Each structure stands twice: as structure tokens, then as C-alpha cells.
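Below is one structure, written out as C-alpha cells; comments come after it.
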Amino acid sequence: MIRTSGRQFNEMRPMEIIPNFNKHAEGSCLVKCGDTHVICTATVEDRVPTWMRNSGKGWVTAEYGMIPRATGTRVDREAKKGQSGRTEEIQRLIGRSLRAVVDLKALGEMCIKIDCDVIQADGGTRTASINGGYVALYLALKKLYDNKVLFKMPLLDSVSAISCGICEGTALLDLEYVEDSSAETDSNFVITGNGGIVEIQSTAEGKPFTPAQFEELYQLAVKGTAEIAEIQRKALGL
Amino acid sequence: MIRTSGRQFNEMRPMEIIPNFNKHAEGSCLVKCGDTHVICTATVEDRVPTWMRNSGKGWVTAEYGMIPRATGTRVDREAKKGQSGRTEEIQRLIGRSLRAVVDLKALGEMCIKIDCDVIQADGGTRTASINGGYVALYLALKKLYDNKVLFKMPLLDSVSAISCGICEGTALLDLEYVEDSSAETDSNFVITGNGGIVEIQSTAEGKPFTPAQFEELYQLAVKGTAEIAEIQRKALGL
Amino acid sequence: MIRTSGRQFNEMRPMEIIPNFNKHAEGSCLVKCGDTHVICTATVEDRVPTWMRNSGKGWVTAEYGMIPRATGTRVDREAKKGQSGRTEEIQRLIGRSLRAVVDLKALGEMCIKIDCDVIQADGGTRTASINGGYVALYLALKKLYDNKVLFKMPLLDSVSAISCGICEGTALLDLEYVEDSSAETDSNFVITGNGGIVEIQSTAEGKPFTPAQFEELYQLAVKGTAEIAEIQRKALGL
Amino acid sequence: MIRTSGRQFNEMRPMEIIPNFNKHAEGSCLVKCGDTHVICTATVEDRVPTWMRNSGKGWVTAEYGMIPRATGTRVDREAKKGQSGRTEEIQRLIGRSLRAVVDLKALGEMCIKIDCDVIQADGGTRTASINGGYVALYLALKKLYDNKVLFKMPLLDSVSAISCGICEGTALLDLEYVEDSSAETDSNFVITGNGGIVEIQSTAEGKPFTPAQFEELYQLAVKGTAEIAEIQRKALGL
Amino acid sequence: MIRTSGRQFNEMRPMEIIPNFNKHAEGSCLVKCGDTHVICTATVEDRVPTWMRNSGKGWVTAEYGMIPRATGTRVDREAKKGQSGRTEEIQRLIGRSLRAVVDLKALGEMCIKIDCDVIQADGGTRTASINGGYVALYLALKKLYDNKVLFKMPLLDSVSAISCGICEGTALLDLEYVEDSSAETDSNFVITGNGGIVEIQSTAEGKPFTPAQFEELYQLAVKGTAEIAEIQRKALGL
Amino acid sequence: MIRTSGRQFNEMRPMEIIPNFNKHAEGSCLVKCGDTHVICTATVEDRVPTWMRNSGKGWVTAEYGMIPRATGTRVDREAKKGQSGRTEEIQRLIGRSLRAVVDLKALGEMCIKIDCDVIQADGGTRTASINGGYVALYLALKKLYDNKVLFKMPLLDSVSAISCGICEGTALLDLEYVEDSSAETDSNFVITGNGGIVEIQSTAEGKPFTPAQFEELYQLAVKGTAEIAEIQRKALGL
């Protein structure tokens, strides 16, 4: 099977992270995974949601959006029709993935809101959002640390995410839109710098997949997330 | 680790499926997994959603709800506040899982709507919905087949679902509510009668899990879904 | 006129009340009036609505819902489209009817929420909800009394409800769906154990009715509610 | 018991109906019942709701609204918060009441929409809406008849409505706001010119009422609706 | 160009303001500009919006609505479909225009809510609302002053508004509906008694207008608002 | 008065337009006015809104949005709370401004949707949206023309927009956020390449302005829009 982009089955798209993309936000970046471009900002709020008050712990949450013409066919603005279930599902995934590497106790009663706004989409927007969201989060925490609001960085590990899928029976890394829309199985993996697994979502579209196929997908994801972790480190100057 | 229910780590709760529970629906059952009770109905509609017209294929979709006092603490009625993202996520999971075993071409341009209404909850409501949804779907298709609307049963396989999780480091099968709410990792597996995998969702709540732990969860799920498939068969008199 | 069920004009459908149907609720029952089945739960909340704070009085309120395939033709889920005016009208009727027999001062600043969820419908769902709602309410109050939260039962009377109607010129007791949908006049009566009237709703669908016809309907309702009061007492073990 | 207005227990407030109040509507009036003022307009539409297409029958429907400062305390605009269940209940009552005197077959496939907008409220807004709505409806039908769109007036009877209630044990006709808000029982009667009953709604607020009390309320309503029918006739020049 | 009404290009429609039109409101009037009729009420609230608390300043805000058959063709009730952007834009304009002549500090921490409800429309409803809104506001403030809640009238000036437009190349004052709907340019001017400008909104519908044409429109507006200020003064007995 | 940016009273911020910023849209650009950055895309649809069908004319419409952290303080996502009246007002302004230079008949029955998404805000987002929206619109029309879908460019003129305001009594061109939020008068002008006026919005925040002050604002706007027209031409390679 030859990929339209000419990539190898286990080859990621070129990925670039431009830190400090936004003038106002406490942390921000523009993440580009091929033609998928996402603006990620981190906003620090000096209070946690009501249900967490007086817990001594902080919170990290995420929101996700897409401008209407991010995609090949224009999609209606969610501001007009309300957020879809898909959007809410993605938001929860991003938030959960980032919280997995944050020491919420060390953060203290603050809330970091990560906004991921897709300005151009070509597959893999949720994983790009996690990758860029981590960078924006790191930068906001670093600012709090540099300003002595925090006395240590409340991060336990880094976190990266990648999609994989099975197309015409072949396991492929980092699906772009044309591959994603014809894949028999579609997966997202969220894996930490130390190799811990935060999330596995693996879904058959139509035909079920075998345990052996799942193993192939997992190995691709391990390779991909390791590469992404390196790109995140560089963007952060670490 | 001793489970509050006295169950073994790899032991499911008692499960019962009462077919034809509803007078009006084309297919229906009441599924009981321990104290989790779900009414599943299948409604046959003679037309498919607009975007599928003239495709020659049918559709299977699902909706999910919970009566307000299904849970220990009353939750506000979704009719008042709108469906949550969690509800929509569950609905899509149920629909996807059932479609994976249906030959949509053989079904023809009809739509089967599966309604899963939880009347009492104690963990595992989404997997119970898939298990009961399959039975309701089977009964509705059987009726169409018996009435010669369909000339063969458009089912490719059976499908069953189970939750597993890691509590205090131990992998457990079929979490009830108290286990689920303290689990470090929470997983749902949807597996067909022939062992094909339809869906894996595995999520760390806080601490990441290891590849070895994931393997344990998967093996428990294989055991559990095989037992459920047997209970489904009996309920259907097969 | 011969009723499809073979019942006499003044004969109710078989009615059954199964108390303590729900594991979590403070009071609950499943009420069956023929093929109309309603789960009623009572939830005790330790505070009253804002506008009643510091009044020294309690409150009883009700919510009503129907699972989509409770009826012959599936109805869209209210969680998707919002509560209809009909639903709100029924909820207010149930709440008002139950409050008429509660001593709100003796209850003190607590709120009892009655949820009535129809799992199968065949006419008379609002009156069944009142009948079952009273049983759930009684059980919740009894629990508060047994636990010495209340020092007397804050109930002034029992309350029962029944529908009557005029079909082809004949007054009939306890309409089932086929009768209800062809009735010229449709009425609901809510009457207490002592014969006090809490609510009369009598509506001509098309042709007005005469004072004499109204008298017939009222007499049927007096008979029916007396029989229901007896069934409620038995279900409560009184 | 002395009424604040000095009225006898069986005395209505002064009532005035100004026909053709609105420049644009096919039929309209301003109805004043004491300090309750309602603008009623009838709009003729050349099509019926979807579910009535090709039935050969017409439809009459009503909508109800109140300007925010119609009442002593300003109420929030429904355009901002959505229509309440109370509003929908009133709308259905008005529509049902008017349809009871219309020969929908003779009307043919047209829809008459009655809008009742309360510009000042002092109790009895729903009954005033029915009384004025009938006049607006008559005028719109007359115009269709005069223009030879209809070949006979599709009216079977006239219809009038009045509220009654029990205050401090006494049955009173035509409650104004201060009476209504302290009434033990609140009733609305809709009665045709020939004495047919279209609707009885009788509700105890707290203490149940007796059959004898209900009889008193009914007799007051018979007297009141007869007087209103006369005022409607005069306004229409009949 | 001859106007359908026979008016001169610089001639306003007959305008009448009936003060104290509403029984309940602290200030009110019915304003009639030709066939455009608007009920304006002022409601005094003893608190300001949350974001103004403890500022020592008051607030004036406005809401706008239209009964469905105010217009030639019935428009759907906003209570059913929500407020349109046009309605919100008009509300903000009315509020802003009135605040421009109020000394908010002298008002103190109170809020005056102006409701403008159009009961018949024939063009110029937003400017009529400002003109009537000013009268209702004045009356409410006068009442507070007479009751010694305020120790001086917190008004800096009067305010009036008028529409102008260009039809077939001619600048016209005070457009009625048929003129407004065919105008090439549509303008609204809000001008104080002392000639200060509060708002200019001038919009080409299709073809742009020239600076010279704009000057003509402005001169018409100066003439019109001066005439309106006189009518407002008379209605207030000044 | 010295501007924080060091600009002269009649000096615009540096402005840059990057055409073809988006991979998918028929026309697009990123417009930067100082720190205000807006992505504008044009989507061509092969049909017009229902109310324009069979008119032989096309339509141009606009939507506007802002990512949550475009501003100094994060604003809630409109997808969660619905579009504000302010957003709808801006959308209508952009659409109206662009339609003023389009020959809708020459466009034929097609609809061009302009999406303006603010990714960073520092005042003047609505005028930046018009300026960028014109470029995106031009590029989309050019593509239709190059592809021979259109046989001439259906543009009558170019269009540009700029804000002006009065701060501490001085008229200033092109307000940035700190200036805008303290301005006594805030204006937006939309002017065509040939000097035709499409829109004037001039609003006093508190203190009214004089005719002479308005003239100053207008002259600034004439200068500013001429400069912008030049930048638009360059970006389009004209």
C-alpha cells in the first residue's frame, strides 16, 4: 500500500511547534502536524470549579473548537448550533490527558484552561491539540514558577498523542484526512515520556480488528509519541 | 484485594436478560447486571437518515437515558438541561458497536433505533446497554425475517461488552459503582462472538498504566464477553 | 357500547402497586394500571427552593417523563428536544395533587421530589403517576419518621386519581389508550380518601358536554378513586 | 365577606370589547375586564399544519403572551427565557376552547392563528383571552365570508369563559388579582352560548373543596358566561 | 417624488404621547407616530447589575419586543424562537441613547428598566421607542424625586430620535414602512435637546451614498428631533 | 495627547494582509492590523438562501467569531453560551458592507459565505474583518472567474473600513484596545474605493459629541480607508 503523501507506513508527517504564538495568553503555541494547524493557549485562573473548592488541589481543563472553514467542506459554526457531542468528547480527552501528567496538589487551588482552536484541519486534530496543549500548559506553569507563584514545576512527566489506523489491512502511523476517512480501524494513543499509557481508543468502523492488528497499532504509537516528545522538548528549549 | 461483593477478580456479577419486556416495541428486553437494570427497545423505521437515502443500505442507531433516581444521588433530568456530552458519547458507542455486527446492505433502507433506558444504575450501564441492545436488535430483526420483510437475518456475528479496571493495582472484571469510582484505570471492551475486537477504551484516571496491565485487562474482557455471549444466546433461545 | 377490553362502563383495569421497586430512592414503587406502567421514586432533599427559604415550610414537587418507546409509536426523547408544555402541565398537576394532602408546615424545610417515569403507556399515565407518587411519597415520609427526622407523619389524607371520559355518548371509567384517543370528553379527577376534591379537569374534544354528562363522570370518578385508595393502602401495608 | 372592589359575590367587573383595534390583522379587538387588558388578533393563513394536510379540515390555534410590566412586579421577557409551561398550558386552553365552536370542515384547509397579548393584567387573563379571541376569530371569519372565500360562517355557537373561586369559604365570580392570589380554590369555566360545557378546570390550592362548593362555582359561571356572551354579541353588532 | 401619505419631504407623521398609560409601572406612556404604536414602561429596581455593585452609580437599560401581528405579515413570537440579533441591537441602542442624558452618579445604585413593546408597527419603531422611553424614564425619575428617594432629577438633557432615508434619490424625514422598505439609504439619528449627537447610524442598502446626501439627512434629523422634543415636553407638562 | 503607541492622531497601525492563508477555502487571507489578527475565508455555495430562490440573484453573507483567548481576559466560548447580540450585529455589518460592492445579479444564484475568525484582538476587529473579508471575497470571485463559472468579476468597487474615536477630546484614527475602551465617542466608517459611504456608526459613550467633532472623525476615516484600499490592492497583486 502506497500512501498518497509518499510516507512510509511508520512515518509521521512533518511537525512544527511555534511557542508563544499569542500575545495575551499565559502560555501558547501554534502546532502544525502536516496541514493540521491548531492554536493552543493556556489561561491561568485563580480559582477552581465550585466542586473542588477547599480541596487544596488545582485543575486542568480543555476546550476545543474549529473555525468553520478549517475543513474541506465548511461546517456550521458551533456558536450557532451548540457544541456537538464529538466536541465535548474531544475536550474531555484533552483535559484528561493533560491532567495525567500534572501534580494537582502541587499546583494548588488554581485552574489552567487549555483552549485548542483548529484553524486548518487534515486529520489528527485531537492528538495535535494534546501535543500543543502540553506545550502551552508547560509555558504557563513555567511562568508561574518563574514568577514564584509556584515553588516547583507541578509536572510529573510529558505527554504526547498520535493517531494510528488500519487501511486496506495495513497498520499506518499518523493518519491524514483521506486515510482517516477510509480506515477500517481508527485509534488514538496518549503516552507519557516515560512510556506510561494514559489513553487507548481503538474503534472498528465496520469490520472488527484482531488482537495482532491491535499490537501493530500500539507499536507504531510508541514510536510516534517518542518522536513527538522530542519535538515538544525542543520547542520548549529543554 | 477483597471485593465488597465477595466476587473473585475475574468473576462477573449475576446477569439476567428478560426478552420481550415491552408491549409496543418490535424488539425489547430488560437486562440486569447485578443492580444495574436497563430497558432496551428496538424500533423499526421504514426510512434511513437523509444522508443515507438511496444508498441501498440500512442504519442502526442508539439513544441512551437514565431516570433521575437511577443513581444513589438524584441527577437532574436531561429533558430539562439537555443531553450531556457523556450521554452522546455513550450513544455513539452503543450504535457503533451494534453496527459492527450488522450487514447494513442486507438490512436494506430501514433504520433500527435502539433505546437504552437505565432504570437503576450500579456501574457498567453502557456495557449493559450494548448487551441488551444486541438482544433487542436481534428480536426486531427476527420479527422482520419471520414476517418475510427480510429474506435472511442481516447479522454477521453477536456482540458483547464488559468493563474492567485496575483498583489498588489489581485488574478486576465487571466493576460495580464503588469499584468504578475508585479505579485507577477504567476500560470498556466490545468483542464479538468470534473474538473480533470492535472497541477498546482504556483510560487512566490520574496515574498512567503499563502495557502489562493493559494485557491483563484485555484477558479479563475476553473471558467476560464469552460468558455474556452465552447468556445472550440463551435469552434468545438459540 | 362494548369496551374492547370487555370491561363494564364502571370497571377499572386491574391495578397493582409494587412498593420499594428502586434500590436507591428514599421511597419508590412500580405502579401498573393495565398496560400502563410507571416507576415512581421519592427523593428527599434537605433544602427547599430559594423562594421558600426561611418560611419554615417544606415543599413537594414532581417531574414526569416517558421512555421513547413507552408508546405504540416511538416519540422523540425530551432530552433531545426539551420538555413539552404537556409534560410541564402534567408535572404541575402531580405536584399540586400531592401537596394537597401534605402538611407542609409539619414537613419542615425539606423538599420531596417525586419522579414519575412511564416505562409503558396505555392511557392514564398522569393519574397512575399521582397514584404511585402518593405511595412513593408515603414511603419516604415514613422513613423520615422511622428515623426520627420527623416526629409525626405530615400527611392529612390520602389522594387518588382516575380518568373518565365520554365515548360514543357513554360515560366510561378509566380509559385505556384506544378509548382515550376517540373520546368526545376527557376528564381527570383527583379525590382524597375523605372525598375532598383536589382537581377537576374536564375537556370537550370538539363537541361540548352537558351538565348531566358531567355528573355521570363525577360519580364514576368517586367510585374509582375509592377503589384505588384501597389498593394504595394495601401496598403500604396499612 | 366584602370584596375590595365593593362588588357582590356574583358580580362581574365592567367589561368592554373594542373591535378592529389593530390595523393589520384580519380580525382583532382590545378586551378590557376591569384592569385586565388584552389585545386579540386573528391571522388567516392559507395552509394548515403539516399533520393536517389533505384532511379537508381547517385549524384554529392560539398563542399567548404578556408584556413584562403588565403585572405589579415586572416579569422577565419570555423572548429571553423561553415560554413557560404555564404559557403553553394557557395557549392550548384558548385554542381548544375556540375550536369547540368552529366547524373545521366548513372552514376548509385554512388556519386561523389567534394571538392574545396581555398589555395590563389584574387576574383572569386566560378567560379574557378566550372572550376576546372569540371576537377576533368571528371578525376574521366574517371577512372571509364577506369576501366570498367562505360560503357560510363556520361557527357552531359562541363561546365565553370566566373564572370563579372560593375565598375565605365564599364562592366568588370573576376574581381579580388580589382575590385570585388568596383563593383556596381557583376555577375556570368555558361555556358556549347554548350552555354546552367546553372546559372545567377546578383546582384546590392546599385545602380540597366539597361537591357542594363546586356546584356553587358552576352556577356562578353559568351566570357570568351568559352576561359575557351578550357583551360579545354587542361588540360584533349582532 | 410624492410620498404615499401626501407628506412633504421634511414633514413628520402626526405624533402623540399618552403618559401614564399603564397602571402598574413607575413611569409609562403610549407613543403613536402615525400608525406605529409603542407601549413604553419604566420599572425601578433597587439594585444594579452584578458588575456595577458598589460603583455608587446607577444604570438604565432597555428591552424591546413586538406582538406577532404588529406587522402586515405575522412574525413568529420571539418567546418561541428566542430574541433575534436585530432585537438585541435595538435594545442596546435604546439603552445607550437614554443613558446619554442620565447622570448615573446622581441616580445612585438603582436600575431603571425601560420596556418598549410595539403593538402596531409602520416603520420607525426603534426611534419611537427612544422617544417614548424618554418620557417613561422621566416619569419614573419624577416619582422618585417627588417621593424624596432622589434629591434632584438625574437628567442632563432630553433625548429624541428620528429616522431619515433616501428614496429614489430624495432625502425624506420620518420614513413609514413602505418608504423604509424601498429606501436606498436608511438612517437613525439620536439627538439631545441641546443639539448634542448621541448616535448616528447610516446604512446604504445596496448603493453607497455621498457625503452631500449624508448632510441632507442630518439636517432633516435636526429639524425632526427638535419637533419631537417639543411633543415630549408637552406630554410631560413642562 | 500622546498615544501609548507613539502614533500621530491620524496615523494607522502597521497593516499586513497575507492572501491564500487557508488550504481549503475558495478565497482566504490573514489580516493583521497591529496586534489584531483575523483569519478571513470565503466559501462558495452553489445555492442561495430559501427566500432568494429563483430571484436570479446571488448573496454574500458573513459570520464572525473570536477564539476565547484572543483577548487579554479569556471570554467564554460562544459555542457554549450561544452567539451574543454583539456578534450578530457585527456579522450583519460585515455582510452588508461587502454586499454594497457586489453586483448580486452578475453573481447569479450562488452564495459566498465570509467567515471572519479573530485569533488575536487589540481593537478594530470588525473593521479588520471587513478589510480582510473583501480580500477573501475577491479571491473567491477571481477563482470562479478564472474557472469560467463567472464571465465577469461581479464587483462594482472595493470596500474598506476603519474605526475612529474621540479620546480626551481629540479625534484619533484607528483605535487600539486601550484607546477604544476609554473613548468618549466610538465610530466605524465603511467607505468604498470611489469614496461612496456604505456605513456610518457613531456612538457617544456617555457624553454627546458635536457636529464639528463628527466632521473631524469623518475626515480621518476618509484618509484611513484610502490607505487601506492601497494595501488591499497590493495583497491582491493589482
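Labels A, B, C, D, E and F are assigned to the chains in the order they are written; within every chain, residues are numbered from 1.
Everything below uses one rule, namely that a contact is a pair of C-beta atoms (placed from the backbone, for glycine too) under 8 Å apart; a residue touches a chain by one contact, two chains touch by 3 or more.
Remember, predicted model here, so these are calculated numbers, not experimental data.
Chemist: If you check the contacts of chain C and chain E, which chains show up for both?
Modeler: Both-contact set = D.
Chemist: More than half of E-F's contact pairs recur, by residue number, in one of B-C, A-B or A-F. Which one?
Modeler: A-B
Chemist: Using mean CA coordinates as chain centres, what's the chain B-chain D distance in Å?
Modeler: 51
Chemist: Report the inter-chain centroid distance for chain A and chain D in whole angstrom, where each centroid is the mean of the CA atoms.
Modeler: Centre separation, chain A to chain D: 60 Å.
Chemist: Quick check: how many Å separate the C-alpha centres of chain C and chain D?
Modeler: Between these chains, centre-to-centre, one finds 28 Å.
Chemist: Note the residues in chain F that touch 2 or more other chains, in rising order.
Modeler: Those would be 83, 87.
Chemist: Mind listing the chain E positions that touch chain D in their complex?
Modeler: Within the complex, chain E contacts chain D at residues 22-25, 28, 35, 39, 41, 43, 45, 63, 65, 67-72, 74, 77-80, 82-83, 87, 113, 115, 117, 119-120, 122.
Chemist: Quick check: in the complex, which residue numbers of chain D touch chain C?
Modeler: These residues of chain D touch chain C: 83-89, 91-92, 96, 99-100, 157, 192, 194, 196-211, 214, 218.
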